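By letter and in written order, the chains are A, B, C and D; residue numbering begins at 1 in each of them.
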Amino acid sequence: MTQAPSISVGIVGGTGYTGVELLRLLSQHPNVRLHAITSRSENGMPVAQMFPNLRGHVDLRFQTPEQADLRHCDVVFFATPHGVAMREARSLLDQGVRIIDLAADFRLQDTTAFEHWYNMPHSCPDILAQAAYGLVECNRPAISAARVIGNPGCYPTTVLLGLAPLLQSTRPLIDTDHLIADCKSGVSGAGRKAEVGMLYAEAGDNFKAYGVAGHRHQAEIDEQLRRLAGGRDVGLTFIPHLVPMIRGMFSTLYARILPEARDVDFQALFEAHYANEPFVDVMPAGSQPETRSVRGANRLRMAVHRQKDQLVILVVQDNLVKGASGQAVQNMNLLFGLPETAGLAHVALLP
Amino acid sequence: MTQAPSISVGIVGGTGYTGVELLRLLSQHPNVRLHAITSRSENGMPVAQMFPNLRGHVDLRFQTPEQADLRHCDVVFFATPHGVAMREARSLLDQGVRIIDLAADFRLQDTTAFEHWYNMPHSCPDILAQAAYGLVECNRPAISAARVIGNPGCYPTTVLLGLAPLLQSTRPLIDTDHLIADCKSGVSGAGRKAEVGMLYAEAGDNFKAYGVAGHRHQAEIDEQLRRLAGGRDVGLTFIPHLVPMIRGMFSTLYARILPEARDVDFQALFEAHYANEPFVDVMPAGSQPETRSVRGANRLRMAVHRQKDQLVILVVQDNLVKGASGQAVQNMNLLFGLPETAGLAHVALLP
Amino acid sequence: MTQAPSISVGIVGGTGYTGVELLRLLSQHPNVRLHAITSRSENGMPVAQMFPNLRGHVDLRFQTPEQADLRHCDVVFFATPHGVAMREARSLLDQGVRIIDLAADFRLQDTTAFEHWYNMPHSCPDILAQAAYGLVECNRPAISAARVIGNPGCYPTTVLLGLAPLLQSTRPLIDTDHLIADCKSGVSGAGRKAEVGMLYAEAGDNFKAYGVAGHRHQAEIDEQLRRLAGGRDVGLTFIPHLVPMIRGMFSTLYARILPEARDVDFQALFEAHYANEPFVDVMPAGSQPETRSVRGANRLRMAVHRQKDQLVILVVQDNLVKGASGQAVQNMNLLFGLPETAGLAHVALLP
Amino acid sequence: MTQAPSISVGIVGGTGYTGVELLRLLSQHPNVRLHAITSRSENGMPVAQMFPNLRGHVDLRFQTPEQADLRHCDVVFFATPHGVAMREARSLLDQGVRIIDLAADFRLQDTTAFEHWYNMPHSCPDILAQAAYGLVECNRPAISAARVIGNPGCYPTTVLLGLAPLLQSTRPLIDTDHLIADCKSGVSGAGRKAEVGMLYAEAGDNFKAYGVAGHRHQAEIDEQLRRLAGGRDVGLTFIPHLVPMIRGMFSTLYARILPEARDVDFQALFEAHYANEPFVDVMPAGSQPETRSVRGANRLRMAVHRQKDQLVILVVQDNLVKGASGQAVQNMNLLFGLPETAGLAHVALLP
């Protein structure tokens, strides 16, 4: 029996929800050794004291970056606010450490858009230029060769995977000027930040839209839609909503079928497109996916419906897993030549 | 000081959510005297035993229809399953009793559609022909003269009021062939019926679409949209979703602006349209309404957004109040010449 | 017809949950005129912009205390953090304004305990000495004559009203050295403050105890229990818990019946004790009260159970109404000679 | 490398929550091969159609017991209503199949109590007499030798493990005549049954006690407490409550310390008692456990608090894992000589 390769992993940040979720996944990954986790503000605190679900599973304490000495890692995950990874990327890369950033620093090639939405200049456009957009199902070759991966946002993951089979088709199928993404997210998408609007007493028993005038993920979605469409501009109206649930994301995508594509079997098209993807589940015709069917699992499920010339794609994922930390581990697996499913075989928790 | 007119009210059914909500509203209505409430299955049980919020407010017991002798009422509300009101309507009308049906029996003039969606023939098409569709803001004259009112469904209320200013405009404003209504409802919309899918353990911490292949309210919406549009057919894709909250409905409506209407000030159009409506609140430009802002109140709020040539209307209501029992009381007020707001001035419960 | 007396009311604070709840209740109170509401931080903002449920009901804007000129009010409610009311009380009292404080400044006569639990010295012990503890059912004469009222805490309201019939009995009934109050509160009890622990993603789908090592309300409960017991010390173990719901408080009280009291009919005792109280509902024997039966209503319900020599009292209230703002209005009614139920007849919202 | 032993497993029932949870755990257990799952009513339906979280993990279809031929299994789990396992036990035992029953058929040795609480005579008292009570931490030797295991109820698991260190002590520590267990359960404890009281619209945003007049688990707790106490009767008041959350159980246990035991270090006592238990976590002094810290994990956490002569033990578990299916797998592991933790190393899902 050969020894499984052991990857030394560091986590920068880690006091938020993507951080604790990375720890849940990595602490049981057969090929991973957790080297260190950093947080200046929580320096010295056992991780399991902040996140008691990790008691008995993770013995690390938060360290300062200096103590952590991440240069000895094979890969470092940034589970930090936007702007941190790009500051620290170069010195790690110089040591041969690979980087997977769960924030937005390496998602948008359009630095003007980045600066507009994230209110900061991009500090390393040269590194950004080499970074791969970490949506594995659409970008495998680039990711496996990359040194820096920009892990996709949660909304973009659902919208892009839901529309990819339509946009990547060789013949035109839909009106790409007037797509609609009506998206709904659980509250954990807002992160573990003290904000009045995310209190249980505010977000509970309530439903609302937000960011209607413009949401950061729009730029990321637009850039990637254009790529999927072979460089053509794609017009998308994107309306995010907040659901009183902890985890889960549901995107209802509307596309108008072109007159010349009315004969297409869209169910078959989607099934064929994702036939070999372990983490994308095209459900049988007529299905109505539920977010809980992927709670805690690195899986995205979708169903294809049609009403006359209107195509309706329903997509669900766990925003913290396939929409964040699970996808990051999937990227790591690809990067290090492991089976993509290594450490990611969890069955969703239902009920 | 003149005595306020006192209306004698009967309720048929009343063991469901629209029933208890009617009782909450009517028990404090200054012009109402509750005559009787009927339920064969619960005959003899104090209403306040089933619904303990009514302890100290409603002393009635459920009675059989025979005991209740509803012929002495001025008006009878049917808070029953579909099909009951049409069976009992004629004998009440013969006695001069007016009828407000909260089920679907008197909503759809198209009896073929009724039979398709509700799996039963319509037993009194002649009465149906005289019934008024009880969406007050769109149908005041007919309602005030009616003997039978079909109280609108919850989804239709949001979709119709959200689109009316566009469809009733004298000049064409939007592409009426490709409207989209992405609707989200709290679980009380499913009623107080023992169903596995509505258990807390199933519907909690979860989000899903349902009825994607076709929902009963589609026919009702289509019939009324056509009316609002002056008889022209209107094409609408309607996708309902289930939200883990008790009360509340949120409809996100998408309409494409016609090239010739790009100069229209839609905010002003909506504000003017509803300027005198006590129960419709067109919020200031840029607003993002929340369902909790109307929890327990007979009010529908909406906000008008625009992204290039795409109009996005956000509509919220409490599905049990403006979407059901409150609207029924509003109809009663109109029917009996009371101020429409009588007994309906509740401030929503927030948080 | 004589004109109802109109009370001019000011509110200091009002950006929290007790503030918005006061506004909900007072804006529909038949004898109240809202004079002003103050908030330095939100000066100039319409109240209804922060709390959209008030749109169409409250036209006030937040003002600075200087602008508000509260000296012209008949009564001022303090819905502020602890420590504010005692700073501002004297100047208002000098103008003849009465004060109802929803914070803790005038609850505890024991200033040492106050300083221990609230980390500040008491700045006006002379005014405190004249203040009445605003638990109407136990303290009517003092309240009606008072100039300053300390509105009770939410937990104390349930514990005190649940135990009062036992402690005020002329013969000894229970072992008063070993009482237990296992209390459960909805999250709105923590107020509208940005705190990580109260985020939906933290408090949702979760149950926990808190403050086990000591909770501020213990001192208040102890002081009042002693009063109810005629000056004798009472021993109570008080364990508060946090429930994933917005409003509602449930207290399970355990008392051991003394051997000499085994013949007592406790159900009858409780019913007699509260026979004339409009806001206390002793439910029939065998009842199991639910928090939702009082959601939004100024009512406290209780049920009396017995297992051998163990008495178990179940008490529910809405922590923001009978546990805070509704009780404050009840105090105001008493203070101004109005019927105690004026403006407080709401039926609870169920479901 | 030696091949891990493969246990052939059958499941009877499996359309409820303990069933789907068994499938989640067993489908990833390294030593288990799922042989069959039976349900007469769902015969032929793919399990993953009913429980979509199992898509891609479990390919079985529900079968009739006849088709399933469970005699070839090594062990059969009964995830059925009470009364099924005792009917089918003998024929399976005759074939050498071991039985783990998740219902109550083999929990209570006192058949009179069984008949009282479950309204049916016990059909195989001889088999019952040999059955082991499956609370591993208290009953290891008997379980490992058993052919039939009665898997404990969820409430009893928390109460018994929370009190065992006190009752099994060689010196008397607490007043065992007046113990109190104030217990709170998530709604999944009621099972996947269509019941009005468990609807989201009924159980959501609500808190209540239930079964106050007597709960089935009381008899089971009493019988086992007596055993832990060496045969002495123990007096316990047990009040269960329903929490608006899906999974999770919280028990607050109150015990009065005897005068002669006031010097005992209870924290140390508990830590020593459970020092070698992989699934019981005695948290550091001062801790306040949360149910979410064990969501999805086979772990029970507890904290020991003291207020003067009152001991307060706080216990949390996931009612479907340590309180049901996880504990059943733990029993299976013990029965077949596997490490108790095999297939049970899940990290709880937080948030």
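Some points to look at:
One rule holds in what follows: a contact is a pair of C-beta atoms (placed from the backbone, for glycine too) under 8 Å apart; a residue touches a chain by one contact, two chains touch by 3 or more.
Everything numeric in this text was worked out from a predicted model, so none of it was measured.
The chain pair A-B and the chain pair B-D differ in C-beta contact count, and the higher one is A-B.
Mean C-alpha position of chain A lies 40 Å from that of chain B. Chain A and chain D have CA centres that are 36 Å apart.
Here the CA centre of chain B is 46 Å from the CA centre of chain D. For chain B, residues that reach two or more other chains under the stated contact definition are 17, 186, 188, 192, 201-202, 204-205, 244-247, 289-290, 292, 295, 351.
If the chains shown are joined wherever they touch, the resulting network links each chain directly to all the rest. Residue ranges of chain D in contact with chain B, taken from their complex: 17, 186-188, 190, 192-196, 198-205, 244-246.
Contacts from chain A toward chain B in the complex involve residues 178, 180, 182, 184, 186, 201-202, 204-210, 212-213, 235, 237, 239, 241, 243-248, 250, 252, 254, 256, 286, 288-292, 295, 303, 305, 307-308, 310, 312, 314, 316, 351.
Residue ranges on chain A touching chain D, taken from their complex, read 1, 17, 20, 24, 27-28, 51-57, 188, 192, 204-205, 246-247, 281, 283, 289-290, 292-297, 299, 301, 320, 345-351.
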